[in-house]
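As written, the chain order gives the labels A, B, C, D and E, with residue 1 at the start of each chain.
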Amino acid sequence: MKNLRNQIVFIVAVLVVWQVVYQMGSFPELMFPSLGKIFQSLIKGFSRDGLGAMTLYSLSLIAKGLLIGIVLAFILSGLSIVSKTFYSIYHMVVSLCDLIPGVALLPLAILWMGIGEGTIILIVVHSIIWPMSRSIMDGFRAVPQIYIESGKNMGLGKLGLVTGIYIPASFSYILSGIRTGWARAWRGLISAEMIFGTTSSGAGIGWFIFMKRTNVDIAGVFAALLVIIAIGIVVEYGVFHTIEKMTLKKWGMSR
Amino acid sequence: MKNLRNQIVFIVAVLVVWQVVYQMGSFPELMFPSLGKIFQSLIKGFSRDGLGAMTLYSLSLIAKGLLIGIVLAFILSGLSIVSKTFYSIYHMVVSLCDLIPGVALLPLAILWMGIGEGTIILIVVHSIIWPMSRSIMDGFRAVPQIYIESGKNMGLGKLGLVTGIYIPASFSYILSGIRTGWARAWRGLISAEMIFGTTSSGAGIGWFIFMKRTNVDIAGVFAALLVIIAIGIVVEYGVFHTIEKMTLKKWGMSR
Amino acid sequence: GKSQKSTQDSGDTAKVKIAYQYGLAYAPLTIMQEQGLIEKNYDGDIEVEWVSLNSGSAINEGMASGDIDVACMGIAPFISGVTAGIPYKMYGTIAAQPHELLTNDDSIHSLKDITDDKKISVVNVGSIQHILLAMLAKEELGDAHALDNNLVAMSHPDGMTALMSGSVACQLTTAPYIFKAKEQDNIKEAESLDSVWPEGNAFIVGLVSDDLYENQPEIYQAVVDATQEAMDYINNNQEEAANILCQKEDVTAETMLGWMQDPGCVYNMKLPGVMDMANFMAENDFADKAPESFEAITTESAR
Amino acid sequence: MTQEQKGKTPVLDVQNLTKIYDNGGKGDGNEVLKNVNFTMNEGEFVCILGPSGCGKTTFLRCIGGFETFDGTVKVNGKEVTEPGTDRIMVFQDFNQLLPWKTVEKNVQYPLKIQGLKDKTKLREISDAALEKVDLLSSRTLYPHQLSGGMKQRVAIAKALALKPQIILMDEPFASLDAMTRNHLQEELMKLHQKEKVTVIFITHNIQEAVCLGTRILVMAKQGGIKMDVPNTIPKPVTPASEGYGQMWDMFNKALHQEG
Amino acid sequence: MTQEQKGKTPVLDVQNLTKIYDNGGKGDGNEVLKNVNFTMNEGEFVCILGPSGCGKTTFLRCIGGFETFDGTVKVNGKEVTEPGTDRIMVFQDFNQLLPWKTVEKNVQYPLKIQGLKDKTKLREISDAALEKVDLLSSRTLYPHQLSGGMKQRVAIAKALALKPQIILMDEPFASLDAMTRNHLQEELMKLHQKEKVTVIFITHNIQEAVCLGTRILVMAKQGGIKMDVPNTIPKPVTPASEGYGQMWDMFNKALHQEG
C-alpha cells in the first residue's frame, strides 16, 4: 500500500516536472511537447491511427518470441546440466552470440526466413535467448550443492534434477531472467519493427513510433511510449509480482 | 583443458559447416560469402578501412559506458537497500525504463546532450543500467536473511551492509548482471553508432558494419562480427572467468 | 532462390512481393496499393504482398536473398547494389523531390563558410543527400570529400531535431522536412543545389528482380503499368490524391497538396540523372565501379 | 532387489578409502581419510564417534556417493560411484529440505520419484512418518517456517518413509531435546529391527551410541578408525544395563585421549 | 519473575513479549510466544531448556532485535528495536559465517567494524580466539571447507573475540564432541566470570544447563516460561556436585511432562 502510494506520487511528480519544463519553453515545442498534446496524440492514436491494433499485433509477436525464447533457453540450459561438454560449448555460444547486434544478423535472417513475421520473431528471440540462458545457467551453478545431493539421493535422474531441483532452486535467477527477457523482447521487437515496417500480417507499435518520428510528431512518439509503459506496469505488477508472491516469497527464498 | 578442446572443436565445426553450405551454392554468394572472402575482408578492414582504430574507439566508448552504467547501477541499487521508499520507486523506474527502446529516447537525448560521444554513451548507459540494476536488486533480495542479520549484529550500518554483506553475498547475480551488461553495451553501442554515424571525430565498429551493409558488402559485416566475437572471447575467458575463479568458486558459492 | 516460392504458386494464383519505404516520395506505391492497380493490370489472379522497410540496405538484402520481387528505394543504394552485383534492374524512376541545404547559422551562405567545427547532417553516408553535398563540394571546393569530416549521419527527423536545437549547423534534407524546418524562423536555405542537381532529377527508383523480369514477364508488365497508372492518377487528380496520401503522412489535405505542388516534386518513370549519379559515385569512391551502361541496369520501360 | 545372502556378502565393503580435499590449488591437499577399511553386514547398526572435524561426515559422504575418492566402496558387491536410493543420507545441515516444498511434500517427493503415484497412499505414508516425528500439525508449513530441530525431524521422517536398505545419518538428533530424542531413538530402533535396515549413525553422544549401536566406531583426529567394537549389551540398552558403565567409560577415554 | 533485585536496573527486561508469525496470509498466525515476562541482571548466565519447536530461538531472536514483536524488550533501560553489538548472537544455523571470508577474517570482521584497524592487534585477537576453539590451523580456510562442528566453533570464536555485554547463544555446542564441548564450556565460564558477560544459552543438554547456568529456564511447548529456577549449586558444577542429581531429575521431569 505504502509502495503504491510512493509510486503514484513519483509518477505525478515526473508529470509535473515535465509540464513545468515545457512551460519554461527552453526546448523547442516540436521536440518537447506538452502533456496535453501527448494525451491528444494518445487519443488520436487509438481512435484514428490504429494504435490499438498495432499494440495487439506487437503483443502477439512478443508473446510468440518470448515463448520460443523461454522454451529454447530452458531446454538448452537444461541440456548444459545434463552434459558438461554441451555446457562448455553452449556457455561459449551464449557469451558470443549475446554480443552480436540484431541488425548485424539481418542479412542472414533475411536470407534464411525472408522478410516478414518470421524474421521479426527471430530478432526478438535473438534478443532474449542469450541473456535468459545466462541467467538460467548462472542460477543453476549457484544452486546450493546440498539440494542437488538431496535430489540425487532421492533417485532423480539428470532430467529430473533439472526440473525437480535446478529450476525451483534457481527460480529467483530465472524470474530475474524472464523479466530481463521481457524488457529485451520489447526493445528487440521495436527495433525490428522499425526496420521491417509493415508486412503482410500487420504493423506494430514500433512502426507507429517510426512513422511518428518520420513525421516529426514527437508527441506521437511519447504517446506510444506511454502505451508501452502502461503495458509494462500491468505485466510487472500484475504478472511478475504475483508470480513472485506465489513462489519465492512463499518459499522464503526472497524478501 | 577438456572444455577448451570442446570449444575449439565446436568452432572448427561451425566454420566447416559454413564453408560446406557455401560450396553447396544454395544461397546467393552475395549474401553468404565464403570463409576466404570474409577473411580477406577482415584483412582489408584492418589494413585499409581503419577497422583497428574503429574497434579501439568502440572499446573506449564501451569502457566509459560500462563504467558509468555499473557505478550508477550500484549506487542506485544500493540506495534501494537503504531506503524502502526509494526501492519501491526505483524498482518501478527500472521495470519501465528497461522497456523503452534507445531510439525512442533519441530526440530527448539530442536535445539534452547534442550529438556526439555524449549521446552515444547515454544510449549505451541506457542499455545497461536497467538490466544491471535488476540483476543487482534481485540478487540483493535473494541474500540469505542470516547474513544480513549477522551483519547487523556486527554493527554494520546501512551503507556498510550494502558493501559488506549485500554485494559479496549476491556476487553471483552481480557478475551475471555485469556479463549481461557487457553484452548489452556492445549491442547498444553498435545500434547507437549506426544511428549516429560520423566520419569526423572518430567512428566505431558499428559504423563500419553500417557502411558495409550500405555497400552490400556482407563479407565485411561478418568480418566485423568476427572482431566482436574475438573480443568477446578474450573478455569472457580472460576477465570474467578469472574473476569467477577468484571469487565465487573460491568461496564455494558457485560451481 | 526464394522467388520461385513467391512468384510461382502451385495453383494459378501468381504472387509478387513488393517492398518500399515510407514518405512522400513513395506516393505512387501508396496509390497502387490503395487502388489495387497491380491486380487490375494483371490478367489473372495475383496476390500482392506489400512490405515497408525503413532502409535501402534491408531492401538490398531482401533482393539479394531473392525474397523481394519489386522494390522502390533511393537512387544511391540502388547504384551500390547494382554495382555490387545484386540481380535486379530499374524499371523506371518513381519520383523526384526537392532537396535543400538548410542552416541555422546566419553566417553560412555557401559551402565556403562551413568551417571545420560546423557539422552537417545527412541521412546517411553514401545516401543521395551525401552525394549531392559531395557534388556541390566538388564544384565549389574542388574536392568531393572536402566536407566529409563535417558530416554526421542521422535520420531526417533526428537531423531536424539536431538542426533546431543547434547541435548541427546544417542539414541537407528533402521534403517534407524542408517545409517543416523552414516553418521555424531561425532556419533558412544555405545554398541552392540547382547547379548540380536540378529540380526534377531522379530521387527514388523502382526496381524489379532479374528473376521476375525474365521469368514472369506478365507480372513485370503489370507492375510497370500499375506504376504508370498511379503516376497518371496523381498527376491528373492532385486533390483526390492528396486526400488519400495525407492520412499516411498525418497532415491536412491542404498541406499535402501544397507539398505535392512544389515544383521539385515530380512523379515520372523517366526522370533524368541516374547515370550522372552513378558516374559521379564511381569517380569519387562512393561505389566500386560505374555500371556499364544505362541499358545494362534498366529495363526498356525506364528508357 | 531382494538381496539373497549367499554365505555372507557384506552389505557395505570399504577398501583403502582415501579422501583428499584439494585446497583450491595452494598448498598440499587436506588428507582427511587415509586407507580406511571397513565392512558391514546386513542389519548392523554402526555408530560413529569422533572429535569435531575428524572426517566422520566425509566418511559418510563417500559411502553415500557424494564425493570422489581413492579406494573402493562397494554396496552389495557393486561399486559406488554416485548417490543412490539404496543409501539414504540424512545430512548434518539444517537446510537439506527443499524450500519450495511443504513439509509434507518434502516427505512425499522421494516416494513419488520412486514411482508411487497414488495420492491417498502417499498421504498415508507421509502422515505416518510425520506422526512419528510429531510434526503432523506442521505438514503444510514451508521449511523456512520451521525451527532447527523441526527441520531435522522432517529430514528424518523423509528417510524413514523411504525404508531404504542403508540409512546414513549424520548427527540427526543433535538439535533435539531429550524427550524427542528418546522417542526418535525408539522409532529408529523399531525400524532397524523390523525392516532389517542397515544404519550408520554419527553422534557425539556416547550414551546414544551405546544405546543404539550394535557396533561402535571411534574415529581418530587424523581420520582413521581408532576403535571398532561390537556392542554386546543386549537391547534395549539403558544406563542401568549391565556393562553400560564400562562401555561408556571406554569410549569417553578414547575420545579424550589425543590422536 | 523471582528476580526483583532492588536498586539494580536489570540488563535485560522483557515485558509482555508476544510473537506471532503470520502464516503467509492463510489461517491464523502462529502464536509462538505469549505474554512472556523476564528480567535479567548483569553477570547472570541463563540456560534455556525446552522441547524442539517451543520458541526458544524465537525468544532469543526477539531479544537480539531480529524480529518484530508485541511488548517491550529493554537492554540497560533502552528499548530494543534492532540488532546491536551489545547483544551478540551465535545462531543455530551452520551457515552464519560469511562464505566470502576466511575463518580468520570472519573473526576479525566485527572487530574491524568496531573501529579496530591495527592489523597486528587484529591478528592477535583472532589468533587467541581461534586458539581457544582449537581452529588456529584452519584460519585460512573458507567456511565451505569446514565441518559442521568447525563452523559452529568459528561462530563461537567470533562472539568471544568481541566481548559483548550480552551473548545470546543458540545451541552453540550441539554439534561438538564431548571433549571439545567440555573445553568450550570452560572457556565460556572463564569469560563469563572474568568479564562479567551476561549470557543466555539455549541447550538441549540438561547436564550442560546445570553446569553452566546460574539460572535455568524451561520453556513450555505452548511458548511460555514454565520454570525459572536459580541454580544454587556452587561453581564449578560436576555431576558429582551436591544437589546435581535432584536438579537434573527436576528438569528431566519438567521436560518429559506434556505442556
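Details
FYI, a contact is a pair of C-beta atoms (placed from the backbone, for glycine too) under 8 Å apart; a residue touches a chain by one contact, two chains touch by 3 or more.
As the structure is a computational prediction, the values presented were derived from the model and not from experiment.
Taking the definition of touch as given, a chain qualifies here only if it contacts chain A and chain E alike; those chains are B, D. The minimal number of chain-to-chain contact steps leading from chain B to chain D is 2.
With centres taken as mean Cα positions, chain C sits 36 Å from chain B.
Inter-chain spacing, taken between the CA centroids of chain B and chain E, is 48 Å.
Chain centres here are Cα averages; for chain C and chain E they lie 82 Å apart. Shared interface positions of chain E, i.e. residues touching 2 or more other chains, are given as 93, 95, 145. Contact of a single residue of chain B with at least two other chains is seen at positions 27-28, 31, 107, 111, 213, 218, 250, 253. Among the residues of chain C, those touching two or more other chains are numbered 61, 65, 155, 157-158, 161, 165. By the definition of touch given earlier, these chain pairs are in contact: A-B, A-C, A-D, B-C, B-E, D-E. Those residues of chain B whose C-beta lies close enough to touch chain C in the complex are 27-28, 30-31, 106-107, 110-111, 114-116, 195-200, 211, 213-218.
On chain B, the positions that touch chain E within their shared complex are 144, 146-147, 149-150, 152-156, 160, 164-165, 168-169, 171, 247, 250-253. Interface of chain C with chain A (complex): residues 2, 6, 17, 19, 22-23, 49-55, 58, 61-62, 65, 67-68, 155-158, 160-161, 164-165, 177, 180, 184, 249-251. Interface residues of chain E facing chain B in the complex, by the touch rule stated above, are 64-66, 82-85, 87-89, 91, 93, 95-96, 98-100, 109-110, 113-114, 142-145.
Interface of chain A with chain B (complex): residues 2-3, 6-7, 10, 27-28, 31-32, 84-85, 88-89, 92-93, 95-96, 98-104, 106-108, 110-111, 130-131, 134-135, 138-139, 141-142, 145, 172-173, 175-176, 179-180, 183-184, 186-187, 190-191, 194, 206, 209, 213, 218, 221, 224-225, 228-229, 231-233, 236, 248, 253-255.
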